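Input: structures, listed below.
Both complexes below contain subunit A, partnered by subunit B and then by subunit C.
Coming up: the complex of A and B.
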């Protein structure tokens, strides 16, 4: 219950910050700053700069991701932007265009 | 990772939840219910229900179908159906909604507008309860009027039938005795009595007419 979910029909234009996991099924534009995990589900669209601990992308992401732990692009994930994280996983089928930086 | 995934399926697909530690600044649009346990600032436009939980804080212009407020709202709410301030609800701002429910214990400062009240049937007593709050503010001016001018003040305050009484009063007062200038004053001091007092003079007039005919 306490988990944050942005539903299918929701569109947020602005800034999201927080200390808990965030699941996006709708659309978020702007900026996301979390000290926990961000999950972009199949139906989710993110056009934002993202700063989190973990990111899991099954939907669409446009923007740069800076992660302190890991970023995972799932097989149905599509991403345009730069990724900076110590661990980066890109699954077979994922679409990605951008830079990768694994420097710690 | 596992902990992150397990809560996700447990929450229904049709609901959006803003968790306690989450802070959203900007514009939020949607066609589904929104539960705010955290903080939302800016603007919220929903086609369905906004639920502000006890821990929730919304500082925004809100436009929704329904709103249920148990937390804090600062800003104006436009609702097409209803707004409910629960016992724990705190709100500062204006409410525009055909149905407004303010529960005992709720804290609210602002205007209430239920739209075209004249054409609205009084369906529920609960829907009418919020009215006394806005009505309490215009109340002081009518009290001030009778002190300034007794009769003109009574006319606008009282409904149409009451207007007859003041008309008679001025006729009697000058005719009988200008010395009794004190009499109209007590009549204005007790604005609730005119309906009772009204009936008596009307009957008296009728009797007088009869007397004249005889």
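Coming up: the complex of A and C.
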């Protein structure tokens, strides 16, 4: 089954919830709650509080991330907000401002 | 990639406003407003409670809300729709369940 992709030109203002993987190439403002993986691609812009299992950020994220497994900030990712997750990776080149909490 | 439509999968629920300019396929649930400048497809598993403004629309699933389209609105035989539809072209297939008003912008012949 094709995963959900929020395309380049799509703007969502509100709340997204679900139990399948989500890829964001467009813009999402509000709140994201997933029991699966979230990928914010290069062109993606997220201004939202995020609750999910895994997050991979290559785009722009403004908001707090709470993850039950893993948060990865890729080298082209830019994020402002707090991250709370058992495993957090920040790649060389990533821009990040906020608190990191790895408490399990 | 640009040609592949954006898909909202069946496990996804969106509450709020959704807008865009590319083709969109909805298999999940959307509550709120949808505003699209392209073709929108609502699959059998799609459940929409929203006002929809779009270029064209194909419904196989459930929609409740008002629909306004610049071109064709088509309700397939699996569709279940409670809405007021305003569009130049509206197609109801045999089997489609529909309740609401349809306005096709017809030019009434003189004297009517």
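Everything that follows uses one rule, which is that the second predicted complex is superposed on the first by the 103 of 104 C-alpha atoms of A that agree within 3 Å, B and C clash if a C-alpha of one lies under 4 Å from a C-alpha of the other, contacts with A are read in each partner's own complex, and residues count from 1 in each chain.
Assume contacts are C-beta pairs under 8 Å (C-beta built on N, C-alpha and C of every residue); 3 or more make two chains touch, one makes a residue touch a chain.
This one's a predicted model, so the numbers in the text were calculated from it and none came from an experiment.
Taken together in the superposed arrangement on subunit A, subunit B and subunit C clash. Using the contact criterion defined above for the overlaid structures, shared-chain residue A:19 touches subunit B and also reaches subunit C.
Touch criterion not met for A:62: it reaches neither subunit B nor subunit C. Applying the stated contact rule after C-alpha superposition, one finds that A:4 touches each of subunit B and subunit C. Contacts of A:39 after superposition: subunit B is touched, whereas subunit C is not reached.
More residues of subunit A lie in touch with B than with the remaining chain of the pair subunit B and subunit C.
Contact with subunit B, but none with subunit C, is seen for A:54 once the two complexes are overlaid on the shared chain.
Look at A:30: by the touch rule set out above, it reaches both subunit B and subunit C. Contacts of subunit A with subunit B, set against its contacts with subunit C after fitting on chain A, overlap at residues 1-20, 22, 26, 30, 36.
The touching residues of subunit B, counted against subunit A in their complex, run 1, 3-5, 7-8, 10-11, 13-32, 34, 37-38, 42, 47. Contacts from subunit C toward subunit A in the complex involve residues 2, 4-22, 24, 28, 32. The touching residues of subunit A, counted against subunit C in their complex, run 1-20, 22, 26, 30, 36.
Contact residues on subunit A toward subunit B in their complex (touch as defined above): 1-23, 25-26, 30, 36-37, 39, 54, 56.
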